[in-house]
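After this come two complexes, each holding chain A, first together with chain B and then together with chain C.
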Partner chain A sequence: MSSNATVTRLCASSVDHTQRAPVHLMPCEIQSNGSAQVSQFFTATTKDHKSEKTVSFRGRGLKGQELSCPQGYTGLVLKEVHKPSSDQEDRTVRVSSVFDKLTYWNLETPPNSDDTVVMAMDWPELAEGVRVLAFILLH
Partner chain B sequence: MDLKPFEENNSVSCRLTSQIPDVCKTEDCCLGIDEAGRGPVLGPMVYGICFCPVSKKEDLKDLKVADSKTLTEAERENLFEKLDEAISYIGWALHILSPNTISTSMLQRTKYNLNALSHDTAISLVQYALDSGVQLKEVYVDTVGPAEKYEDKLSQRFPGIQVTVRPKADSLFPVVSAASICAKVARDRVVKGWNFPEDLGEVDVNYGSGYPNDPKTKAWLLKYLDPVFGYPQFVRFSWSTAQSLLDTKAVAVHWDDDEEDGEKAAQRQNNRSMLSYFTASAGSSDHNPSHQTHRFFSERRLKSLDTL
Partner chain C sequence: MAAKKKRSPNVDNDSWVTIAADSVVDAQKNDSDPTFVRLRNPSTGAASLYVLGSGDLQLYEVKAFEEDFHSWFIGQTVQRDGRLVFITPMDPLFLIVPCLSKSAKEGTFQPLDQVVMDEEFSACSRLLKCKSALASLHHIAEEKEVETLKFYRFSQDKTIDWLKKKVERTVTVLKKREICVGEGVKSTTYVRVKPAADHQEEDYLRYAHGLISEYISQDLSTALLKHLGLPQLMSPKETEPPAKKRKISEQPVEAVEDYTKFNGADFSRKPLKKMTAAQKTLAKVDKTGMKSMSSFFSPKVKAEKK
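Moving on to the complex of A and B:
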């Protein structure tokens, strides 16, 4: 468990000039951290039929679609520059790329509005509503 | 044989057909079914049918068709040309099962095994001939599995047609030999001219026979292994040769339908928190075991985040 004494610093100042990168949310866990030949293997074999996309990964059929970040939000891909050697040390993460849409993939199931990540995007708007409601109740 | 429709998208399966000879629509016909490329770890599996009027069986024999495996590649190409030229009474159709179709079917959540896939493909080709107006009376099928059960299945599916399923039918019935030649020629051409949709630059085509025990095939599989993506779609991921190479040389990938012990899976689930970045505020009562997350959040896999 990381202790509460540690501070994690996010350098967000560079967000505006960070390059946009395509982001894929996969329906599996890939036990690897690092770069991968996404465009050579994955993007090159992705097929579009209307709004639905198909591809395969490790021999398994995936179906997916593009999903925009909630209005007013920007997606950040964060990278820890160097891992602290002790849990007393502060941590620093920097923005390695930003995204305003992502492609999420289901294993074999066609994408639909009940997909977890689609529903998750409801929260920012609802949170805003809750905040406004709380504000009204306080006054 | 124009392979373009398949080559344009070799991720999916494709049916290629000759014209239907007029005589096949008026006279009783026989039809042979055979497959090529069942065993290889590389490339498609091709199902072929060939049909002609029963009265023309002898003419077919005169073309000296034989089991495609006993012929050289040049002989097969030559015989295919002859079959294709005999368009006045011989028709053929092919179903190319792309390696990607084979992989994704066999590795599907609800497994669709190669036998079922083969049977369904054979049935769809016979149905195609019937739908095209071919007056089918006899169907001959080559099989590697139990012949009787398959014969019953096909007889039931196509009442009124005399179905004969035999091991080595490709050397017993000329119409099956003809089908095996069509299938094998297509498979060889597709493998030879495989158009890699992946962006791999110049690909070494020295992949040997494609059979798992061929050292050239093995060397190729090692050379083109990508630690994350595994292989190009040319490879059948569902083959044990490919699987075991990936298990040892590529990074591990876990799916939610993996068969593994629950504890390990559950442990990993806890690590998955990409969506938690959308959570309301850090430092909530997540650590309090009595605190129950509202269904709204659990359904969306939203979690409070207070540490990275």
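Moving on to the complex of A and C:
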């Protein structure tokens, strides 16, 4: 754990020239970080039935759904380019890709409104409710 | 479910999937970039991650939504860490309240810059740049102006009033979003079948109180509950019917009326690891929803035993 005094700078200007990338939340842990041929072996085999998507991944049937970011929110993938050599150092992250919607996948079960990630998307508006009062009283 | 496999720790993580308020990266009028900083969490007292927006004008909180066994595909890459991190605007007053109330014991009016600081968390004083904080300090403190200098003294009464308004505001959002807050909160589909319960209003209040309580100390949370006219619930009420493994028969007979015993270790429910903050709050509220259950069943057991 790094010291409480260090900060991590979010290089905001990097957002402008960032490409959009499709983002999938997979229902399994993949013990790897790095490049993979996602479009060739995963995206290419997904099928759309109405709003539900299906795909076979490693022999397991996955059912998925697209989920938009809440209004006023953008998906940002932040990446640390240079690892700090000590925990006393300030750090920098850049926006490596941007997304407006993500696709989440369930193992076997069809996507529905009880899926925790769907409920998680309610959080920003709730948080706004908790915060917003100060402004209402001010204006 | 099969037993969890031993997983190697995920140490080389250098990428995070976030959903951030547009203003985090929009506000480029200032030269400075937004920064992640550690500040003292007003509820736990421990370090939590926040973001100070460009020019420190806005505070954001950082909450990770996490489920076991999830990973990301991002473009043509795999990211092992399956967390989804939310960066949402937060009222900086929540972080200023503990600073002010700590100094309130002295009972004197003090200048802000002497109070809003934390030796352990040097970024704390940057909160004073948040314009919304300075403009709304009167919600939590009494103000005194001596010549051009302003001095403040924490007021618990004002703070509780301010928190109450937050609770009311949150209830409005909950209702608008049709977020289910009652006993059936685990399943939205289930709740919709149920007729509107009489206790719904109280459920909303308790849920909102639970949400706000994540931003305040336990003492303030208790005081706020009282101010809202909600009794403190002593018994553990769970979403599910009393589990068989509770083995009521093992309890001595006199336990029936003594609800404090239900607070014992075997009754504390392990919260699911990967719940969102909102769900955690849900769970909290949930526990309180089943009052009638335990009180209905326990006496019967007593009778049978005799």
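The criterion applied here is as follows: the second predicted complex is superposed on the first by the 132 of 139 C-alpha atoms of A that agree within 3 Å, B and C clash if a C-alpha of one lies under 4 Å from a C-alpha of the other, contacts with A are read in each partner's own complex, and residues count from 1 in each chain.
Just so it is clear, contacts are C-beta pairs under 8 Å (C-beta built on N, C-alpha and C of every residue); 3 or more make two chains touch, one makes a residue touch a chain.
Quantities reported herein were computed from a predicted structural model and do not represent experimental measurements.
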{"item": "Chain B versus chain C as contact partner of A:R58, first or second or both or neither", "value": "first"}
{"item": "First, second, both or neither for A:P22, with chain B first and chain C second", "value": "second"}
{"item": "Touching partner for A:D122 - first (chain B), second (chain C), both, neither", "value": "both"}
{"item": "Contacts of A:A36 with chain B and chain C, given as first, second, both or neither", "value": "both"}
{"item": "First, second, both or neither for A:N112, with chain B first and chain C second", "value": "second"}
{"item": "Which superposed partner A:C11 touches (first chain B, second chain C, both, neither)", "value": "second"}
{"item": "First, second, both or neither for A:V77, with chain B first and chain C second", "value": "second"}
{"item": "Chain B or chain C, by number of chain A residues touched", "value": "C"}
{"item": "Intersection of the chain A residues that touch chain B with those that touch chain C", "value": "4, 6, 8, 25, 27-32, 36-37, 39, 42, 76, 78, 80, 93, 116-117, 119-124, 127"}
{"item": "Residues of chain A that touch chain B when the two form their complex", "value": "2, 4, 6, 8, 25, 27-32, 36-37, 39-42, 44-45, 47, 56-61, 76, 78, 80, 91, 93, 107-108, 116-117, 119-124, 127"}
{"item": "Residues of chain C that touch chain A when the two form their complex", "value": "7-8, 12-22, 24-25, 27-28, 33-38, 47, 51, 54, 61, 63, 65, 67-80, 82, 84, 86, 88-91, 93, 120-123, 132, 135-136, 139, 162, 165-166, 169-170, 172-174, 177, 179, 186-189, 211-212, 215, 274-279"}
{"item": "Sites on chain B touched by chain A in the complex", "value": "9, 11, 100, 103-104, 106-109, 197-200, 226-230, 232-233, 236-238, 242, 246, 251-257, 268, 271-272, 274-275, 277-280, 299-302, 306-308"}
{"item": "Complex contact set, residues of chain A against chain C", "value": "4-13, 15, 19, 21-39, 42, 69-70, 72-80, 83, 93, 95-97, 112-114, 116-117, 119-138"}
